[in-house]
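First chain A sits with chain B, and in the next complex the same chain sits with chain C.
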Partner chain A sequence: MLITVKLFATFRENRFKEARREYPPGTTVADVATELEIDHGLIGMIFIHGRAAELDRVLDEGDVLALFPLLGGG
Partner chain B sequence: MLSNVELQRYSRHILLRDVGGPGQHKLKAARVLCVGAGGLGSPVIEYLAAAGVGTLGLVDDDRVSLSNLQRQVIHTTANVGKLKVESAGERIAAINPHVNVELHPFRLDAGNIEDLVRAYDIVVDGTDNFPTRFIMADTAYACRKPLVTAGVLEFYGSLTTLMPYEADANGQPNPSWRCLMPKEPDTAALTCSEVGILGSVVGVLGTLAACEVLKVITGVGQPLIGRLLMVDIRDMGFDIVEYYRNPASPVFGQA
Partner chain C sequence: MPKVIRINMTDLSVRIDEAPEAWAGLGGRALTSTVVAAEVPPTCHPLGPNNKLVFAPGLLSGTAAGNAGRMSAGAKSPLTGTIKESNAGGTCGRMLGRLDIKAIIIEGQPASTETWYQIRISSEGAVIEPEAETVGMNNFAVLDSVARRYGEDKGVITIGSAGENLMLISNISTRDPEGKLRSFGRGGLGAVMGSKRVKFITIDQEGTRPVPLVDSAAFKAANMVFTKALKDHPVSGQGLPTYGTAVLVNILHEIGGLPTRNFTSGQCEHHDMISGEHMYDTIVARGGEPTHGCSLGCVIQCSQVYNDKDGKYLTSGFEYETIWAYGADCLIDNLDLIAECDNVMDDLGVDSIETPVMFGVAMEAGILKFGDGTEVLRMLREEIGKATPLGRILGAGTAMVGKTYGVARVPVVKGQAIPAYDPRSVKGIGVTYATTTQGADHTAGYAVATNVLNVGGKVDPLSNEGQVELSRNLQIATAAIDSTGLCLFIAFPALDIAECLPATVDMLNARFGTKLTMDDVVGLGKTVLKLEHEFNLAAGIGPEQDRLPEFFELEAIAPHNVKWDMEQKELETFWNF
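Entry: the complex of A and B
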């Protein structure tokens, strides 16, 4: 299934801003992060079609997944 | 009423379409709570003071340190060791003596936040940690106060405006902080003291946060409601990501 993955801030470094990627059915958000070598502990926000989701969420064909690191400084 | 001196001071606002005299009166009547007088807080406080916001409440329990001065431009070398709210208060008085300053030299917690938030019209978040952001966002929601919230790290920043107690033009409730982050992170977030930050990044995000506050007070334009601005200073890019009310998200901290 085809998933659009959008990355922000540090997650873009040595990866990409946006890519359409093929994943097997049953793939979770955590699986995508692992495949992209993103430390799960660094993930601050997860959106699927602009709605917050958790790491264990199973993705569907055509989902737009956005991953943001924690930006906690002020 | 604006005095002759104030009319002169704010003439570029009064000339500005959509702001004008009525907008300037709204600014003078406004009470804004600035949580954090550090990196983000510096430009927020300076621009709101210069703009003529009538009352600025400053919350911070920290003191100015030498390592702050690379980015916290409201503070000076001479003020190292002084309470940040006192240092920032001196700067406000120097910028604009028409601004009433209320100093709150303590850390926000569940016991003191509600009375404080209720005493102001708008809250602007310049904190450096997520536990305070969650308390602040939940309380601002419960008290029906707009919250402008930003975060920064290294070369990056984020900004959004929350008014979850109102609905959009289609009658759909606006998203809350917990539609961005349903619960507090399990792991402690990296901080600027651990991984660093380019000094001017807080200037960009803090200035944009001040713009949002001024817009909300005056009613000019569209604030970043349901829109998350992601700023990438490293490659110089600005992205706006739309986000929506999530019915599954906990409200007021209850899952």
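Entry: the complex of A and C
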């Protein structure tokens, strides 16, 4: 299935900003992070279609997944 | 003994008193709000002789505590009609701490509007003198003139032409360690200073000694714990120093909370062009500084120096809210133009939230086109800067432009512009906008942290559940932090790292020899909010104004198609504490 993965801030270093990638059915957010060699402990925010999700969430065809490190401002 | 300096602008006299015992535990916002609530008639005209402008360093100002370089300014606001506290970095807070000056209270008003004045404060006291040279000048020129006449090392508090012209969008500016500007941004405080005919204040710390500490070993130990927490937390230790606050652009876009085109969408197509990531790359490529402090002793360093294409200084302290407002709300897709607007706003002395949100409404009104950054720059310089009739309308702020041009979609609460987080998709911040004593202000209770950033737990931003309680707890904590002189960004580690907040209480105790507990500090926050609230009620600003503009209930926002749908009754429970 096709998933759009968006990366932000330091996660972009040596990776990409946005890519459409193929994953087998049943893939979780954690699997995607592992495949991209992103330390799970560094992940601060996970959004799927702009809504918060957890690492164990199973992805669906066409999902837009955004991964951010922990960030803030104000 | 700590001193209170009263500057009477009616008879041009100075009085220096010992600070009353009751003020011993107060600083920053707690003190400015206490003075305003006790001494300013709530029904007075904010630009008349009965309003007072109060400056107060925080309780930890002047010490070596990390991130303790903020100071507060307070008055009744001409923009909102409420009590107002606004804080800024710069060098003055620290100097006032060393001078042992607890507050500067500017009261009264000269009978004639012909003469402007300058005030100079030092260990000898204060002098008021007529000022001519800088009248009509904007802030950067004022800094140059003051440096030439009185020396580079003086703290400066000043207004630009907007404050002189009593515009509601005007702010008060202060010199930072590099000789650039920081602002007491919100609520039109520049007009209050202008109404007292004070062009600038200088602070001279010559001859002062380090702030005495009752227990310096305990202070050092607590400061180490505190500083370590600031460095260890990923937000204050890495995110803010690297990307500044602009990193929020992509986050808010992603979750559909980035108000775009005068609050008609929650996402902005060109978000990447105005993002913190793009800003960081640009700053590095042009030899600017991505990591920079607004005040001495800042450990987090969220500020930055942004250069133009030729590597020349364009602006500093380039904040998310400004970038959002011009970039997304006004649809200007060019970060260099936005940086130039930021610099011109600093120079004129206008609030970098109120002004661009006002332009968003002006664009909707058809005064200029969405996305036209060049015209914004012209209007800043030629209309607002020269106080033309159009410039005065624009300079009266978002609400007034909406009224003048018949716009119904006007994002304000109590007359003050709503900042960079859409309350329909980040409902916790909506509660803060509606209920804070200050008029719409995200910093008053930054629910975005817990709604979106997963700091201090998680509360679903799209649900109403738990938002009132979240906002209440944050507003109480914020009122306390704003009283210490500590920068609010210490809240990120404080919400997650258990030792962080107790370390600040330990520093207070070591500084003053007190035995405060965390409960006392929370109690201080509650007291401050309540006395501010009572002032507002007496000023005629009651619960019917603790609400968001109607369009948030009528118009659903993309991409989540959500409206503001919190019952007014639920909002009113905010004050149950």
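Note that the second predicted complex is superposed on the first by the 71 of 74 C-alpha atoms of A that agree within 3 Å, B and C clash if a C-alpha of one lies under 4 Å from a C-alpha of the other, contacts with A are read in each partner's own complex, and residues count from 1 in each chain.
Criterion: a contact is a pair of C-beta atoms (placed from the backbone, for glycine too) under 8 Å apart; a residue touches a chain by one contact, two chains touch by 3 or more.
Worth saying up front: this structure is predicted, and the values here are computed from it rather than measured.
By the touch criterion defined above, A:71 reaches both chain B and chain C. Contacts of A:26 after superposition: neither chain B nor chain C is touched. Shared-chain residue A:44: touches chain B and chain C both. Once chain A of one complex is fitted onto chain A of the other, the partner contacts of A:9 extend to both chain B and chain C.
6, 8-10, 12, 17, 42, 44-45, 47, 50-52, 66, 68-74 are the residues of chain A that lie in the contact sets of both chain B and chain C, per the superposition on chain A. Within the complex formed with chain A, the residues of chain B that make contact are 36, 38-41, 125-130, 133, 150-154, 156-158, 178-182, 185-187, 189-192, 197, 202, 230, 232, 234-235, 237, 239, 241-244, 246, 249.
Across the complex, chain A is touched by residues 234-236, 238-240, 242-248, 250-251, 254-256, 272, 276-277, 302, 320, 442-443, 446, 448-449, 452-455, 458, 460-462, 488-489, 492, 559-560 of chain C.
Interface residues of chain A, counted against chain C in their complex, comprise 6, 8-10, 12, 17, 42, 44-45, 47, 49-52, 66, 68-74.
Within the complex, the chain A residues that touch chain B are 6, 8-10, 12-13, 17, 41-42, 44-45, 47, 50-52, 54, 66, 68-74.
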